[in-house]
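Pasting the structures in now, so scroll down.
One chain, chain A, appears in both complexes that follow, with chain B as partner in the first and chain C in the second.
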Partner chain A sequence: MDILNALVLFANFVIIPGITYGSQLALGALGVTLIFGILRFANFAHGDLMAFGTMFVILATWLLQDLGVSIFPFPTALIALPLGIISAILVSLLLDRSVYRFYRKKKSAPVVFLIASIGIMFLLNGIVRFVIGPDDRRFIDGAKFLVKVTEFKNATGLKEGLAIKLSQGITFFVALAVVISLFIFLQKTRTGKSMRAYSDNSELALLSGIDPEKVVFYAWLIAGTLAAVAGTLYGLDKSFKPFTYFQLLLPIFAAAILGGIGNPLGAIVGAYTVAFSEVTITYAYKKFLRYLVPESWEPNNLVQLLSTDYKFAVSFIILVVVLLVRPTGIFKGRVI
Partner chain B sequence: MSFLSAQNMTGGYDSVDILRDCSISVERGQIAVIVGPNGAGKSTAMKAIFGLIMIKEGSIFLEGEDISMLSPQQRVKKGMAFVPQTENVFTTLTVEENLEMGAYLRKDNIKPTKDQVFELFPILHEKRNQIAGELSGGQRQQVAVGRALMTNPSVLMLDEPTAGVSPLVTVELFERILAIKKAGVAVLMVEQNARQALEIADMGYVLVTGENKFQGTGKSLLENAEVRRSFLGG
Partner chain C sequence: MRINNRTLVVFILIAVGLLSVGFGQSWNVSLSIINLCLVSSVMALGLNVQWGNAGLLNVGVMGFTALGGLAGVLISESPVAEAWSAGGISLGLSLLMLILTIIVVIFIRKFIHNRTLRNILTVITIIAGYFLIRMFFNPAVDTIESIDSAKTGYLGGAGLPIIISWFVGAAFAAGAAWVIGKISLGLRADYFAIATLGISEIIIAILKNEDWLTRGVKNVTGLKRPVPYEIDLQQSTWFIDLSKFLGSNLTEASSIFVKLCYAGLFLLFLTLLIWITQRAVNAPWGRMMRAIRDNEDAASAMGKDVKARHLQTFIFGAAIMGMAGAMLTTLDGQFTPASYAPLRFTFVIWVMVIVGGSGNNLGSVVGAFLIWFIWVEAEPAGLWLVDTLTSGMSDDSSIREHLLRSAPHMRLIIMGFVLLLVLRFSPNGILPEKLRRYSTKVYRE
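On to the complex of A and B.
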């Protein structure tokens, strides 16, 4: 029995990666849920919008690296982030003007918007692959670790080490700052309240003189920002590959729907739930159990419920179960 | 011409004319009530006056100005306020936020108006930080009326404000509406409690199949034998 070592091992391979991945999903799910709340459609292009914003961050990072600009120990990508945010916002607004507004004027059914968003998904996807290519791109520089395994072992004298990558620390704190500012904006400012009012009851919002085009403008502004930040954090932590960003749609939607689509708080709770489900189900518990059970009970296989190759199955099962059992999600969002 | 005057309105949804040559008007400091059987076009008339549906023929004048072509939002700017029959509050917003949203178009200090609304509906002050969706039916109606009053409107339009509330609350709401009228607002409302509504009305309109069947002061309609027999249950 060695509870302490077991806990450190668990923190290192489940809790810290879970929090990091959950924070990245939360930012993505917030964008999806916000667009759903205001424009009333499931935006399938959100994953590729993340890739689009991140692409600009990577290009600017490379340029800055060539110019010798650095903010060591922080990754250069952080100074390039504003450019990614601006480009994601601009492309969102441009696509809204040229595509979604047309269907808004026609008062098209939500499914028409959804199909249009799939078209936009392919468009953005094509642009990203054309510009930066379909391969893996790494753009992280600066210090690698916040806490190193050897340092941790030396400091605590434990057999197991704990490592926290700088990218994980940055992900958590940037996500925290973004989420807090978003909630202050939605709860305290006049524009934020008008967005909540419009999402709650668009007819009554019109009767109160709230301009729907202005609300839609702010919704894209926020969604673009969230997408670029989420994409960059994910890319820094793992790596950037256009196809991976497209695949992120599944856990992001699972998170938004589990929390109750249209509900920002729900998106965050849903994101961490999905992230921890994925990580806990695909983690191999053999070593962890070895610390906790007597030697004779020691498992002789990996004790892994599901291979990591199947991690998307977890989101998919969550999605299907939620839609069957409680389609409004935990926090009573809308039914898609 | 009256302060708000809808003249010879014809129209409805798509190709079906629900309103046929219907005219309704109201003065400042007066209450006009539209009564009539189900499907008479009472709510449609309200929506047409507010611009939520476009009429084919006829015109709507506010202070002598033709507002027939204005959008609902533009009519809000002109000083009109509308309380729909259902879904008339933001259920996920607090009571106070509901009032703030009512005043969305105003750039000046809304505190005095908010205080007036709280004075008119003291319960709203008590529950100002509560989510509107958690309130009782009667309290919700007060939030709905309060929200509409936040623009300082000159015309307040209420579509069945007492639908689904208890008789006691109905009496209370009518008292508040009288107070609003005394402040110089033109109140136009559709009511199912026809008798009670006509008692506080300065003008009454009985609508049948989209047409003006009877009209006159509230008192004269209450005394009219045919109106009593057909619409007020004797």
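On to the complex of A and C.
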């Protein structure tokens, strides 16, 4: 019984948050990795693109709530999501036309693209703060839980309860659906195949008649979609704050590089690895161990490897270790 | 260093801007802008050494300046004797454990040749060392933080004049740069950028949360100054006479005098640093760095140790940033870890260097003055703009109210535009890097 209690506790505080956070990171990392694969630069503006898309979702959610539209038990934000996606795509395409295309024509070094993306980061960040403000926003409504602690306890008779928030369930299933459709697109459709070919060897792809501008168009289309979805899911699950979205860059990059930058499958594996490392290392194991060890061994401190304030350190250490040990990442991404 | 017309024109324009703030708003405001411009110039100079001269994409400026700020606290605050006697020994022991762990790891890496065994032993040692360190560290921290936590709750500093911290801050940043550089130099440019971004976030997290060292978010305020205090000035006869002679308000005169003292001090150091960096750039060392920047492979084929040179420049630039950080803490008179934000302390500095002209030391100074001026004045300008544009709306209109509240964020949008426009239409910046060519032919890109 104690072992079961310990497992439930672990699932409640590590596995479920880890899966949720991992799914959010995976969507972010897919966007980064895709842009890297096609345009060959690390997009520092991706976090702010996520915030930009989410902002529109929040605004539309407020509007819908005012109008009294609701899809209870689901959060209203889900019907507002398409607007966020469209705005993120439009702004990406606009910025690509006005900023990146010039450097693409000039065949500038990746570093120039990166610095341009810093400019775009300022721009998007400023717009988001201007429109919605720098404060924390919660915009989730609808039902709170899929599984409630008390229900779980009554059903199983265990001392520990398991709670699954609706936002966690939605995150997982939406992310799953998005990832599956992305992979079908990349593997089965003609455009998807041409994108993979271009990412693999752009010269050869050009020779076989693939239109690079079309590939870039689709890359931003997908990146914008992924960013808006990832941002909205993160905001639903936790809360929306422009600065937090900027800070998500680090774990997202860590995930993309860990999986092998430019490799979509790698980005997903990397994202879950980063998420689970963060959660397991910053979880306090005191209560968990109390169920497993005899009373006399009971730990008197929290048994927390690292305080949650240092969760960035986890992504960073993963990043550095990967770069030192296996710079191509788990799934052999590209190294230009 | 030849000063050409363009440089002169730019400096005159900036002077006109600052003077108009002086006449229009107040001299106090104008001087605070100048002081921050000077500090920002030092930061930009440090970044220019790394990016402009060596092409190192350091996106962790914030971390180095924060370490400089930490030096300000650790040097100038008086030591907290009770905290030292209560927790000093166990803290020392945990430090000893840290050193021991590092020595053992180095020993293992050096003398055990079997790769698998070596890696396993390294991991085991690090884990064991971690727990050993924490065994001494946690109680030490708890006792130190519990001593009069409302007022101190930390170890305090060395009680020395704060000017010394400018050099110590440089040393802190240089030390950090050595460690970071050892690990991440040699990575490709964008990986290096991400790694530095990460390390700067970690440094800030440490400064925010290690209360025993920095008081964390409780902040350290009232740092001793290297210049006189307003209140003393207002009571000294010579100053009262001076202000009477100038016919100005005593309070205002004293605060202007203090700011002028700071400005003089900063200007002295900035000039010194420009002189040093300019010497470095024009020396054979500078030529070598540019050669490495422009073609790593060729430079390496000529026998230059690219990685070692990069490390050197990275440390040099970081030391300058550290000094700037200590200067900033001195100017503020307080150390507030929560105020370090990457946009303000890393990316704005980047805009300064790019706009001023990467690779040109004087350009960085120009960029710093210009961008800081825009950054500060964007707020009143934005407010005025919003106010004028929405003046047709009624006073209680919620849209107008919201826009007025968010006007300060316009500065971010302006920064973005400035960076993108300069990068596109004048990628060499206001004062482009001057390359001396010794051949008769002139090569142009």
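Note that the second predicted complex is superposed on the first by the 334 of 336 C-alpha atoms of A that agree within 3 Å, B and C clash if a C-alpha of one lies under 4 Å from a C-alpha of the other, contacts with A are read in each partner's own complex, and residues count from 1 in each chain.
Throughout what follows, a contact is a pair of C-beta atoms (placed from the backbone, for glycine too) under 8 Å apart; a residue touches a chain by one contact, two chains touch by 3 or more.
Predicted, not measured: the structure shown is a model, and the values here were computed from it.
K.L.:
Using the superposition on chain A described above, determine whether A:301 touches chain B (first), chain C (second), both, or neither.
P.N.:
second
K.L.:
Determine, under the contact definition given at the top, whether A:204 touches first (chain B), second (chain C), both, or neither.
P.N.:
It touches chain B, and chain C stays clear.
K.L.:
Regarding the shared-chain residue A:173, is it in contact with chain B (first), chain C (second), both, or neither?
P.N.:
neither
K.L.:
With both complexes superposed on chain A, which partner does A:246 reach: first (chain B), second (chain C), both or neither?
P.N.:
second
K.L.:
Thinking of the overlay built on chain A, is A:126 touched by chain B (first), by chain C (second), by both, or by neither?
P.N.:
It touches chain C, and chain B stays clear.
K.L.:
Chain B or chain C: which reaches more residues on chain A?
P.N.:
C
K.L.:
Touching chain B and also chain C: which chain A residues?
P.N.:
Dual-contact residues (chain A): none.
K.L.:
Within the complex, which stretch of chain A touches chain C?
P.N.:
For chain A paired with chain C, touching residues are 41-42, 44, 99, 102, 110-112, 114-116, 118-127, 129-131, 133-134, 243, 246-247, 249-250, 253-254, 257, 301, 307, 309-310, 312-313, 315-316, 319-320, 323-324, 327, 335-336.
K.L.:
Along chain A, where are the residues that touch chain B in the complex?
P.N.:
Interface residues on chain A, with respect to chain B: 190, 193-194, 196-197, 200-201, 203-211.
K.L.:
Give every residue of chain C touching chain A within the complex, in rising order.
P.N.:
Per the stated touch rule, the residues are 55, 57, 59, 138, 183-184, 187-191, 193-195, 197-199, 201-202, 205-206, 208-209, 341-343, 347, 350-351, 354, 405-406, 409-417, 419-420, 423-424, 427.
K.L.:
Can you list the residues on chain B that touch chain A in the complex?
P.N.:
Of all residues in chain B, those touching chain A are 50, 72-73, 76-77, 81-82, 84, 87-93, 97, 100-102, 104-105, 147, 151.
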